[in-house]
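Labels run A, B, C and D following the written order; every chain starts at residue 1.
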Amino acid sequence: MRRTSSAVVALSLLLVAGCAGPVRTDAGYREKANQSALHLLSAARTGVALADIARKGDAFTPYLETSVGDVEDDALAVRSSFATLQPPTPVSDPLRARVDALAEHTTHGLAHLRIGVRRGDMDAVARARAALLLTGDRLDRVVEGTR
Amino acid sequence: MNTGRGGDDTGHGAGPGLPRVMRLGFAVLDRQILDVDGVAVGKVDDVELSWEEGRRPVLSALLTDTGALGPRLSGRLGRTWRTLLGRLRPSGDLPVRIPPDQVHTFTPATRLTRPAPPQTRVVEDWLRTHLIERIPGGGHADSDGQ
Amino acid sequence: MPTVTASSLLGREVVDRSGERVGAVHDIVVRRRDDGGYEMAGFVVGRSALAGRFGYGATLAPPTPLHGLLAWLRRHERYLPWEDVADIGEEVIRASVASADLTPAWRAEPR
Amino acid sequence: MNRLTSFTLGFLTAIGGFLDIGDIVANSLVGARFGMSLAWVIPVGVIGVCLFSEMAGRVTAVSGRPVFDLVRERLGARAGLANLLASSAITLLVFAAEIGGVALALELASSVHYLLWVPVVGFLVWAVIWRLPFERMERTYGLLGLAMVVFAVALWRLGPDWGALWHDALSPAPPSGEDWPTWWYYAIAVFGAAMSPYAVVFFSSGGVEERWSARDLTLQRLNVFFGFPLGGLLALSLMAGAAVLLHPAGIQVDHLSQATLPVVVSLGKVGLVIAIVGFFACTFGAALEAGLATGYGVAQYFGWSWGKSVRPVQAARFHTLLLATVLAGTAIVLTTLDPVKVTEYAIVLSAAALPLTYLPIFIVANDRGYLGDRVNSRFTNIVATVYLFLVLLVAAATLPLMLWTKAGQ
């Protein structure tokens, strides 16, 4: 009983703490940027893998649509929550600009991929793949640089 | 009359038969009650002891049903429990009493020599007639499990 | 005819002749009479709620590596036969003997 | 049915029945994020669940008493009720996670949003519990769950560097960029996924439903001791597939679709179809188990008549409770909480709740009054005591780690 109620309290605390709280230091901001880049990287690389699968005809359209849609939603959520973070000092401004731009590239790339998959347009899928691959590598460098 | 450390001395029936000496909390309390047909009646929610002045107390009844369980869940939880049940069954909530001479064996489950007392089936019967019987297939036996 | 429920006896405090605390009621021992009814034989009294609640001492043996631990937890366990009960009160059960005279094993009771 | 067929069926059921949404999510997620560095937890969990199920199965077969019967009996009315409430709450969460998992598998196959599938799945689960005989229900979903073998085939087709995988598995430390508390937190998740208490409650209650006797004991033991480790191997191949393909790419598993990537990349459409069938069977089967486990627990605590093998009209309270469980579980998923996140919490909390059911079983497995000569052997007792301390440690560490790591973020 006591365990259940404390679990409920813990859960609600986590849900509150999980949402992006205010960031007061540049180091804290870097950590948030690192987390956001990690999630974007995961989304972009998933997009690349799905594009490969689509081009080889290795999966059915409903699967591809759902899978791309899943990571596109993730990337959009990361992008909007990162955009609402206030950089504590101007020192963080370049990092903000970089991650923000890469977030935009990721969501765009995934949107193009989704459109291409749905239309069965393999040229569009190939273009989206190339863009996501490039974005992924850049995100990788951000992740390494903010560790 | 010392029975030593023999098997029937220890509170468990090695087969049918009643133990000579047993611990109530260990061997009786909170055990499943099954009636003569093997139908689950409830748990031994409490045990009643009574005595005549100057005599040893004797085991006078096994108590079951929410009326016996409620007081055991004392504290805040127990009080809530009692209020809740008071609302469900306003007609007084006396526990169901089972005289010890109706017990065939105590462990591992309390087996009775009679069918279940009717009071133990009030909620069960209500739910059956008002809900379960009305869903198609309610009377269907799960033959593979038999 | 006075009645009492087993659950209200379990956990009740037990003191000896001089008022010194022996422990709390862990279990109630009953024995079968020739007429088939069960009568009270005595109380198992102990201090460790953990060991007492699980019911060690009857058919239940502690798992091999925990023998020592359980024996240690049960070191205060005593058997209080009905003959040595002076009074069953609302709060405490009073014994008519000194706690040092009580034996640990409930089964060693002469019957 | 002759003994060999019955053994084969039971054994295959145990392999497929081992996996559920918790195993799928935990092992893929951990493989993608931590490589093989947490692979050691799977054997620890599998040995634990074998031990736990064997004790519970033995007590059930010899005495006919399932888990919550014993919980009430050994812990008493109050502690037993507290135990029941905590266990039921967590099992309900697991049930919701499984329903969400079935809906997600259907979404992958149809691209119809999973929330639209949830009521359908809820109804199907209830209908199967209501009508399908116990043994057929257990076998169908266990056998279909064998489709998860596709993950082992996929791993082999991916052609990993086995030496490197083995080396990673033998270096239990967080990979760069991850800290120790998070690593330990996910170790608990993998442990909780392998050693799920609801499955043991279901297993022992199922023993009563199928009327095991001491004679069935050997068969049950064989099923457990061979089936569960092989199920563990499938869990390991889920983890290894993710470690080989997703970990180097930096892909994290936040969705069921990402867990299917190793199969689709190496086996294409055929692999995808089989994997979706496997997901469906594992999660649907586990939804049935978790739903029934909630009903079993409550009915056993109060001593009601219960079970699928009696006609529903003879177990009205039990079936009303099951109906309420299905409705509550479905409602939890319909709140749009992410089913994958619900799963993560459910497995971690299951691990924390393990002592609640493990301890009473362990105590009773040493009661000669119940088991006569079939009480735990000295060896079993030593191993079981080690696991007792392990589950207590896990239970104590879970909430602090959850808070410290913000649930593994």
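Here are some notes:
By definition in this document, a residue touches a chain if its C-beta (ideal position, glycine included) is under 8 Å from a C-beta of that chain, and two chains touch if they have at least 3 such contacts.
Per UniProt, the chains are B = PRC-barrel domain-containing protein; C = Sporulation protein YlmC, PRC-barrel domain family; D = Mn2+ and Fe2+ transporters of the NRAMP family.
Note that the structure is a prediction, hence the values are computed from the model and not measured.
Averaging Cα atoms per chain gives one point for each, and the point farthest from that of chain D is the centre of C. The chain occupying the central position, as judged from C-alpha centroids, is D. Comparing chain pairs C-D and B-D by the number of C-beta pairs in contact, the larger count belongs to B-D. A straight line joining the Cα centres of chain A and chain B is 59 Å long. One finds 42 Å separating the Cα centroids of chain C and chain D. Centre-to-centre spacing of chain B and chain D amounts to 33 Å, using the average Cα coordinate of each chain.
Inter-chain centre distance (chain B to chain C, centres taken as mean C-alpha positions): 23 Å. Contact of a single residue of chain A with at least two other chains is seen at positions 1. Residue positions 76-77, 81, 368-370 of chain D are each in touch with at least two other chains. Residues of chain C found to touch two or more other chains are 7, 55, 58-60. Contact between chains, per the stated criterion, is found for A-D, B-C, B-D, C-D. For chain B in complex with chain D, the residues that touch the partner chain are 10-12, 14, 27, 29-33, 39-43, 45, 64, 69, 72-75, 77, 107-109, 123-125, 127-128, 131-133, 135, 137-146.
On the side of chain C, the complex with chain D involves touching residues 7, 53-55, 58-66. Within the complex formed with chain D, the residues of chain A that make contact are 1-4, 6-7, 10-11, 13-14, 17-18, 35, 38-39, 41-42, 45-46, 48-49, 52-53, 56-63, 65-67, 70-71, 74, 136, 140, 143, 147. For chain D in complex with chain A, the residues that touch the partner chain are 81-82, 85-86, 89, 107-111, 177, 245, 249-252, 254-255, 257-258, 260-261, 264-265, 268-269, 272, 345, 349, 352-353, 399, 402-403, 406-407, 409. Looking at the complex, you find that chain D touches chain B at residues 63-65, 69, 72-73, 76-78, 80-81, 130-131, 133-136, 209-210, 301-314, 316-317, 319-320, 323, 368-370, 372.
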